[in-house]
Amino acid sequence: MNVVVTGWPRAEASAVDALAAFGVATVHEAAGRTGYLGPGIRPGWPGCRAGGTAVTALCWPGDNLMVHAAVEQCRPGDLLVVTTTSPSADGAFGELLATSLAQRGVRGLVTTGGVRDLAALADMGFPVFSAAISAQGTVKATAGAVNVPVSIGGQRVAPGDAIVADDDGVVVVPRTAVTGVLAAAAARAQKEEAARASFAAGELGLDRYGLRAVLAAQGVTYLDYESYLSKLAEL
Amino acid sequence: MNVVVTGWPRAEASAVDALAAFGVATVHEAAGRTGYLGPGIRPGWPGCRAGGTAVTALCWPGDNLMVHAAVEQCRPGDLLVVTTTSPSADGAFGELLATSLAQRGVRGLVTTGGVRDLAALADMGFPVFSAAISAQGTVKATAGAVNVPVSIGGQRVAPGDAIVADDDGVVVVPRTAVTGVLAAAAARAQKEEAARASFAAGELGLDRYGLRAVLAAQGVTYLDYESYLSKLAEL
Amino acid sequence: MNVVVTGWPRAEASAVDALAAFGVATVHEAAGRTGYLGPGIRPGWPGCRAGGTAVTALCWPGDNLMVHAAVEQCRPGDLLVVTTTSPSADGAFGELLATSLAQRGVRGLVTTGGVRDLAALADMGFPVFSAAISAQGTVKATAGAVNVPVSIGGQRVAPGDAIVADDDGVVVVPRTAVTGVLAAAAARAQKEEAARASFAAGELGLDRYGLRAVLAAQGVTYLDYESYLSKLAEL
Amino acid sequence: MNVVVTGWPRAEASAVDALAAFGVATVHEAAGRTGYLGPGIRPGWPGCRAGGTAVTALCWPGDNLMVHAAVEQCRPGDLLVVTTTSPSADGAFGELLATSLAQRGVRGLVTTGGVRDLAALADMGFPVFSAAISAQGTVKATAGAVNVPVSIGGQRVAPGDAIVADDDGVVVVPRTAVTGVLAAAAARAQKEEAARASFAAGELGLDRYGLRAVLAAQGVTYLDYESYLSKLAEL
Amino acid sequence: MNVVVTGWPRAEASAVDALAAFGVATVHEAAGRTGYLGPGIRPGWPGCRAGGTAVTALCWPGDNLMVHAAVEQCRPGDLLVVTTTSPSADGAFGELLATSLAQRGVRGLVTTGGVRDLAALADMGFPVFSAAISAQGTVKATAGAVNVPVSIGGQRVAPGDAIVADDDGVVVVPRTAVTGVLAAAAARAQKEEAARASFAAGELGLDRYGLRAVLAAQGVTYLDYESYLSKLAEL
Amino acid sequence: MNVVVTGWPRAEASAVDALAAFGVATVHEAAGRTGYLGPGIRPGWPGCRAGGTAVTALCWPGDNLMVHAAVEQCRPGDLLVVTTTSPSADGAFGELLATSLAQRGVRGLVTTGGVRDLAALADMGFPVFSAAISAQGTVKATAGAVNVPVSIGGQRVAPGDAIVADDDGVVVVPRTAVTGVLAAAAARAQKEEAARASFAAGELGLDRYGLRAVLAAQGVTYLDYESYLSKLAEL
């Protein structure tokens, strides 16, 4: 369907901001290890981070017509998520589009394609997360869709979902799951804080997580170096 | 042909410098969206940029003999472009070769292969753009060519052509096209400046580029969220 | 064999530290161009470097049980090397494990898989070298091995071997070869120092390495531009 | 959610069979160029084809526990679709599982992972479509889900959807869209039949599809060889 | 330049046919190990082979408009070579275009992109060589060029050049070089015939090619197994 | 070390033949899921299979000098295993080398690089397993080693080890482990035979392997379709 859908409900802004503060890895764990868009989408520069509600654009390869249509649908607190109907690394997003988005209070861009004008984007401080950096230009000739659910890295991204992005990549949390994941993230962060203190004091994960029993159940045996060499020689 | 060609005409140095100041994305657009060497060739570090006239070396994989032969052909203002007869990520270029090139006033290196001694290159401030970073050494055993036209990313690079490289990658402009592309880049930069101001003031690309008509001609329709849900349910 | 081997002999700590000071490219050359783990394993951030004696963990994909078992085997001066039985980019290592390793005096991590919590790792200054950065979590369910020899990038890494890692990637030197490679690295560094001075003064690699004879033996000919054009026209 | 969902409604069997007879390329076009799972999933052998209603299994990498759980959910006319929570090429499916599925009247397997026992599968005539062929075995240790919607190649596959697979790859048609796409496929096949006859008689696509006007509107000009050479020389 | 160039001179048809009979590997060697388009372009099915004179089409990704324009430029004995301005795996070529080309006496298709309708193409016996097989459809919206030189795998393909394709991939021979390469191929084939007979009789390449001297010059030494073990132990 | 090692002990020929009869997947399982060289090495044609004792060649990229040296070390029942010091897809092996090997009773070739003359190799019936098919030629200029242990896909291959290769890829069994693995393979084949019969009769893997308990322990729950929809709505 070649549509632009308007008026999607968004995840609540303050909840999305609270989620973003926990970072990608914690949110992904709190969401039951779901929603991670994969290691192929990387920040435009180290330390780049962003959180917002998704507006989606589905484009034809080599074409950014629907990115322009998507800009108009963005409100403050949104984050633009761009994908293509087949893989394309072209630089469908650059400084001028970022200027438009920044003017509208948009938090950043996530794309399975490419961005360009990277130095200018960094200077502006406009966060971008992409699979490629490419100067290759695009046309504005072929239709797609704005604000339909899309799939990236095996994960569904619907308009209005919460997006969190940092040095570890990008994670999506479904709009209706945000409250629950936020609570779980807070609990996990607390648990991690305790674990960090314990590990810093010398406790081992083997003990803290009860893994010695798992190793034993899996038949893992401990051999000193000499016994290991003897065992190899027997083979 | 196993040849070293001497005395290729170069693009005019001041024109190449002027071109480089516009950056890769603008030059690529000004050249009619041609000449980009692809997203696979990346700067050695963020902010690395360079411009110069191409000296080319075509090497055997795992072998940098012709890089050494190419050094002698380099003059101030040149930029060395290295490729291999079949794909190779080996570190055929490092600090010692960079020392030679810097001594000759060479502007930087572009390679479809690998570089090594990255920390030293950054310390020297010698710009490198490569498909790989690899400590793997090479031999000096098999011939190739210096200063013959080569092809990278589907683009032809002839000796004497202008090369511009920055965070967005690398673009080549044929020697005889430099003057025309320079004029087009200046015009484009001016146009972009106006667009930037307009977008910062809230105008949309949809309006500035007349894209509402394109969307309509492509049959893109606007649906509010409730209508969209109804339409899905009908399917 | 699902084993944890204890008590492997280690390369002598001061020799490993001396080796690390030479950097990856020099050590790889000094070792006769062997031991480089390939261009796919990259530092977590620019300037990240480390050296230590290997403790190895062989994990199931999507599972970091054996990383936990390996932590206990680490002593001050060690460096943890993690690989999987089939390729996996999952984030099997993050801030909590780094806290444990740092507490034990471990020098860093090398993995063919992924790391997460990258910002925190950089803040801690805990060096990581990995093929991927990924927030994707792992389970602790399936056995593997600790301190058995593993293979990465076609190179064998045995427990106790010396590992050196920097911006150029990662190199392994077998425990019994460390003394010899250290001497060769020192000799090479001295030779490179002399070459650097000579190249900075304008000598060419063609002359310093006797490559003019190699070019001639390979049938490389020098043609001026006009002769080259004539030759092409003849074809 | 670690669930096995039972009792999903399926697309009507005879409609799915009718769809499969048109082949992947025609169905993809009839569905408005949607639903193609991408060029990375290939048939196990040339000529391999299948059609059925999706039963889905979402597995942990290196683990086929949920494939076993999915077998029980399969009915005659189904086709098993397997994916993993992060990329994995391991051979999670082979001859024994195929024996189970064949016994239940299942039409074939589609997986983003790997298959093994390829020769035996071909001998059995059990159609498989996979991203990899790999003898690497898997464990049965970690949970996932059966019959939840999954995403492959940016396309959503829900249980009960129609799957069509042949030499061109795999396409999914949502259950509720099958009737409409079937009609469109029949129309398209008829149109293609007419086009084939016309092209065989010498008509050109340029004329049949009205593309001469498109070329003109795009500013494409025709130049004879001599004029082209002159134009190049002018640059 | 958005042009369709007409009237390029072609390599002589009988010479191209003679060249094709030698096969890709021999022609590539006879051409001084140049012209091979790389291992990424594979035949549509085992045993597929073709030879002809190049007509080139340079397309936008996801768009086959210029393929249609190129068909009109094809004459009997030609072979259509398609590439895109940035990488694209989409199925820009299928049965209907093949019907047009077959009607015009065209020998086959080579593309850096994708083909579809593979089963039908095989049934027709229309040879295709491509980087991908993909059902994904394309639009006809954006201009490119027909019969301009293109670059594939680092090799220049000009209209009228000879193309030879078989199970080993695709090689291009510049139009003006065809006669010379044909003679060299004949000479090489004769030499290979003699070598084959000699190897079948037990002569070794080490002796036939004088490689024992090369091994010695490179410092290769022969060690029996026991001496090798001793040497390892010494390290 | 640039060496050719002679006189390695080989795995017993009849045991290797018996192992090969079980096929790659069974042998890999019998060896405790070790030794698989990965999904990247594929048979030259469907149905291609081979088994033999390894002779290894370690080559420089783009160079097959050591393949020639290796031929001389091959005896009847051997299988040549070729790898390179850095990744290379070049066609370092073709019909002439196959003629030499066939004359010496060699069973086939496994390589991490490329092969060429594929049609001729198939006609000869000489089994090849490679990561690439490429016409690109190689030189004979740089030394490497013959009959030293090499690593492929994270697995160590030592001279004299047993190699088994078929449609599922390639597996290595250490020489000293052959007898044990052979017994385990026979046991496994028997067990698989029983499983096959049981599955063909309708038993499920869930029951045969006791997986219902695993699912329960992992917290997998069964939901009917309506309950699942309700649960989703609750989120």
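Letters A, B, C, D, E and F mark the chains as written, and numbering starts fresh at 1 in each.
To be clear about the criterion, a contact is a pair of C-beta atoms (placed from the backbone, for glycine too) under 8 Å apart; a residue touches a chain by one contact, two chains touch by 3 or more.
Computed from a predicted model, the values in this text were never measured in an experiment.
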Please pick, from D-E, A-D or C-D, the pair whose interface repeats that of A-B, with more than half of the contact pairs identical by residue number. D-E
Counting only C-alpha atoms to place each centre, which chain is farthest from chain E? A
Inter-chain centre distance, chain A versus chain F - centres from mean C-alpha coordinates, in Å: 37
Could you grab the centroid distance between chain A and chain C? Build each centroid from C-alpha atoms only and quote it in angstrom. 29
Whole-Å gap separating chain A and chain E, where each centre is the average of the chain's CA atoms: 41
By the touch rule stated above, which residues of chain C touch at least two different other chains? 1, 33, 38, 85-87, 89, 134, 136, 141-142
Which residues of chain D touch chain E in their complex? 23-25, 28-29, 33, 36, 38-39, 42, 46-47, 166-169, 171, 192, 195-196, 199-202, 204-206, 209, 211, 214-215, 218-226, 228, 231
In their shared complex, at which residues does chain E touch chain A? 60-63, 85-90, 134, 136, 139, 141-142
Chain C contact footprint on chain F (complex, rising order): 1, 32-34, 38, 83, 85-87, 149-152, 154-156
Going by the contact rule at the top, pick out the chain C residues touching chain A in the complex. 1-9, 45, 65, 68-69, 71-72, 89, 91, 94-97, 99-100, 102-104, 114, 116-119, 122, 132-137, 140-143, 148
